[in-house]
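By written order: A, B and C. Residues from 1 in each chain.
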């Protein structure tokens, strides 16, 4: 997740180097009264701690703005936040573990024969749904195929669909949602209403219309379709997050100080608004892998004889009473993948959260 | 880096309100539901929502047919046990030339609303069903009656006559039928729903009739909530040998047969007439001997697109034959279908019985699994076109994927190539039908045939006669057509059946469709019921079930 | 805020027209529905032609759409292929699905927020790990499996609930299906809440509240939770629509004849009046849900204001 983000933001930072770490550093003071007014009126003074906020903040300006801290001799001010996050990540054991798992999964996806010597397509119906046997530790599926081999070979399609669809939906969704939330007004109306219409398209209908015309056996049409259906949700989440964050004092301050929209969005809003997007995206990764199976089950997903966890999980689901072992292994593999990405997401989020420093 | 939250904030106790929510949520969940309520003497049975309005000539599916079989009695009725077409309302059906028929009705039969069943009840119903303006799905059943082309022009335009000229009412109990050609087994087709009589109420208040159909069978409709439940009650006024032995039937719509099965296990349902394949492994421990698995008039085939040059022609007949021999039917029916299918060895069905034309083994070696010869034959025929084949099926109904994968696996094992045969799902049944109609199939495709009536003619003519309505592979053979024509014109039953059998042998030579297996009907029932049986259409014979 | 709401409501008009046309076009693109009406038999061409004519299927797309919209404005939503008016289907399906969705949303909110708060406050502890595990299980075990297993346990083994829902679908019977339906969303809400809580637990106003010596549960519920709810509320807003239209599996398992089922049938049978009618209502539900969520932002965080 973080790797693709980095270059992008670095690049934009380089384009807009002005402003130094000034950001919202001292922001609490000047903007606060405007914001705390309605708070105090609305829920009584204790509710959000409106009045005390100012004084509380002033002594601790660095809490909200990491750029200031890093703006010292070590790092150039412009890229502080992201370099710093990377610095944090490398030392986080959770990040290391999750990265290793993901690396392993990617290697398996590319070279499944490294750990599985069998043939994922060949089935011996006489052994259908049999349990574990020597050389076949996970047992056999309904067609008498080796569950272990299929679980290993299924990684390729599932990991590709999961990662690419999640990345696509997250990038597209947060870009559009971020713009809608930040600019508001017509932008918001247009982008949000488009998202609403996309929300309305039933998966089955969309799949039948868009995917049944596809004849190629590759995963990309499926990935594209999932992105198409998945972005509106992430865009809503990103929009909601941006709408909240942009009212924060340090953002207001940055604006008052004349920071450009792009700079404000990327440097001040994005790091603080990204957490919910990461949470939703990491869980969505798992649901997208399952969604691929739904599409395949409907006859419009991956073309047979492609092996994927999703396809095996959905065919095992029907047989849950007869052969639970058919479900256990592909579902387990899916769990581990989702776990790795949730851990990764958590680590990235922590690294980006200035408050945790 | 520090993680966690300030000490003072760490939760030592759960927030009480939240605990309350969780506990109420779980306890309320626990006391939901009910027993599903059953009236004494009434059978609670599973049902599927019929896709078309419930008019007799408009119902072409099993679920709609189930109801019609309960609320209607036609001229003939197929004996639930033997499948023999026996007179129901017909006293006799006479003909001297297999073309002009005189039909006499039994005395004293009435509809549930008291109206007498007369010759006009039949003639009006048939005229209604045939006329194109009414868009009845089964209109083609009347195509053998003279004048059909006038009330149902092939162009789809306005009809030039309102009634079939071949139908004449003689008196209250007699009418005559003139067919367009000789058709010796025609009287035996009259047990089909489309030929049911209709009361005047059907025509006078059509919308009202559709809301609550009125018929002349052993049951009458008490209430009908479309899409959820139909309550049928035994009709006391019914005169006939098959009076209901129970007080009634509640047909409940289930969208998934697994749910119906679970409801049966939980005691919320009495009768399930489709036990899903994935439950079969445990069906005996779940239901004991309250499980029925018997042949039904359904055959599954792999049909070849005979319009596609890569699959037709004499050389490819070897390939088709070889593919048939590469399919391990016995293993697939056992492992995938748990014995609810029987390997097919002809193109008909065991429910016809030998005297009706069923001949096991007619297919010969071609339907026997023989990997070595299969490989040789396919090679001799030039191999699979392009080295590969797909089996097309529709993904939205039934779970065809499992057996298609198994068939492909079997073929691939024989050919020692993992990718020689793959399944090719099509999203919707409509799309699937359109591909067939548009001759767009590029390889064998699944075809299932459920008989309309238990006659060998029904398994052959509609499927393989040139230009016939369900000849989806567009097979055409003059020899086959000639034999079918001869059989239809034969004056005696035995000769007709022998003629159809001869025609069937042409299928065995040319293999335009590979017979896969005969499908069984399956049912499970609760302890409340006894004397449960299925007819040849895999529909429960409700009237004879006893409750309690 | 009043003007903002009005503006949002007015936006429904273009969305309504756009989405009806889009869906109408998509169903049209699926192809000819008539052949499937005849089951496994090839349709009689004359009858099929007549049915097509009656359904305006022989007209070009734009005329079909114009005819359909004309019908809608005279209050007629067309009929399904079994002869039932679509309005009748909607009247029977939407109330049931609405109840089901309410149960699911109540479940995912109550339990999801509770679990999220607790695991956020005790990060890295047992409960937090359990919530993580629950998330993994819920994401990787298909609804079909969790649904049928719970159905079997509650309905058959323990006999606590009816395995299927009766046509009237009272709320009590919808509790189990609602829980099954809400399981995946539970993973989202609990993890979203957890993350927000972790982020906000270090916010200044919380420190202030702590410093002021406010009681702990008051800090959590009034200060911390309220400010942490925005992502959760956003998610639930997007989820309501998805739950209403996409409960196909849950509805099947528990035999609920709701929106998901009708929509599924409508799509498979390629019946445009059914599909367009149902999707249009769903889009309106999304719009209203999102409007509600946007208005809630201002309640949860007074810094957000709408012109």
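Throughout what follows, contacts are C-beta pairs under 8 Å (C-beta built on N, C-alpha and C of every residue); 3 or more make two chains touch, one makes a residue touch a chain.
As the structure is a prediction and not an experimental result, all values here were calculated from the model.
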Subject >> Of A-C and A-B, pair with higher C-beta contact tally >> reply: A-C
Original post:
So which chain ends up in the middle if you average the CA atoms?
Top reply: C
**OP:** Please report how many Å separate the Cα centroid of chain B from that of chain C, as a whole number.
**Re:** 36
Original post:
Per the centroid of Cα atoms for each chain, what is the distance between chain A and chain B, given in Å?
Top reply: 48
Original post:
Centre to centre, by mean C-alpha position, how many angstrom separate chain A and chain C?
Top reply: 22
**OP:** List, in ascending order, every residue of chain A touching at least 2 other chains.
**Re:** 208, 318, 356
Original post:
Residue numbers in chain B touching 2 or more other chains?
Top reply: 3, 396, 428, 431
Original post:
Using the touch rule from the top of the page, what residues of chain C touch 2 or more other chains?
Top reply: 30, 148, 202, 207, 267-268
Subject >> chain C-facing residues of chain A, complex >> reply: 35, 38-39, 42-43, 46-49, 52-53, 56-57, 60, 63, 189, 192-193, 196-197, 199-206, 208-209, 232-233, 236-237, 239-241, 243-244, 247-248, 275-276, 278-280, 283, 286-287, 290, 293, 313-314, 317-318, 320, 327, 331-332, 334-335, 338-339, 342, 346, 349, 353, 355-356
Subject >> chain C - residues contacting chain A, complex >> reply: 7, 11, 14-15, 18-19, 22-23, 26-27, 29-30, 132, 135-137, 139-142, 144-145, 148-149, 184, 187-188, 191-192, 195-196, 199, 202-205, 207-209, 211-212, 214, 222-223, 227, 230-231, 233-235, 237-238, 241-242, 245-246, 248, 263-264, 267-268, 275, 279-280, 282-283, 286-287, 290, 293, 297, 301-305
Original post:
Within the complex, which stretch of chain B touches chain C?
Top reply: 3-6, 8-11, 14-18, 21-22, 25, 28-36, 49-53, 60-61, 132-133, 135-137, 139-140, 152-156, 210, 225-229, 253-256, 258-260, 262-263, 265-266, 268, 396, 428-431, 433-434, 436-437, 447-450, 462, 469-472
Subject >> Partner chain A, residues of chain B touching it in the complex >> reply: 1-3, 278-279, 281-282, 328, 331-332, 335-336, 394-396, 399, 401-402, 405-406, 409-410, 412-413, 418-419, 422-428, 431
Original post:
For the complex, which residues does chain C have touching chain B?
Top reply: 30-51, 53-54, 81-84, 88-89, 92, 107, 110-111, 113-114, 117-118, 120-124, 148, 151-152, 154-156, 159-164, 166-167, 172-176, 179, 198, 201-202, 206-207, 210, 216-217, 219-221, 224, 251-255, 257, 261, 267-270
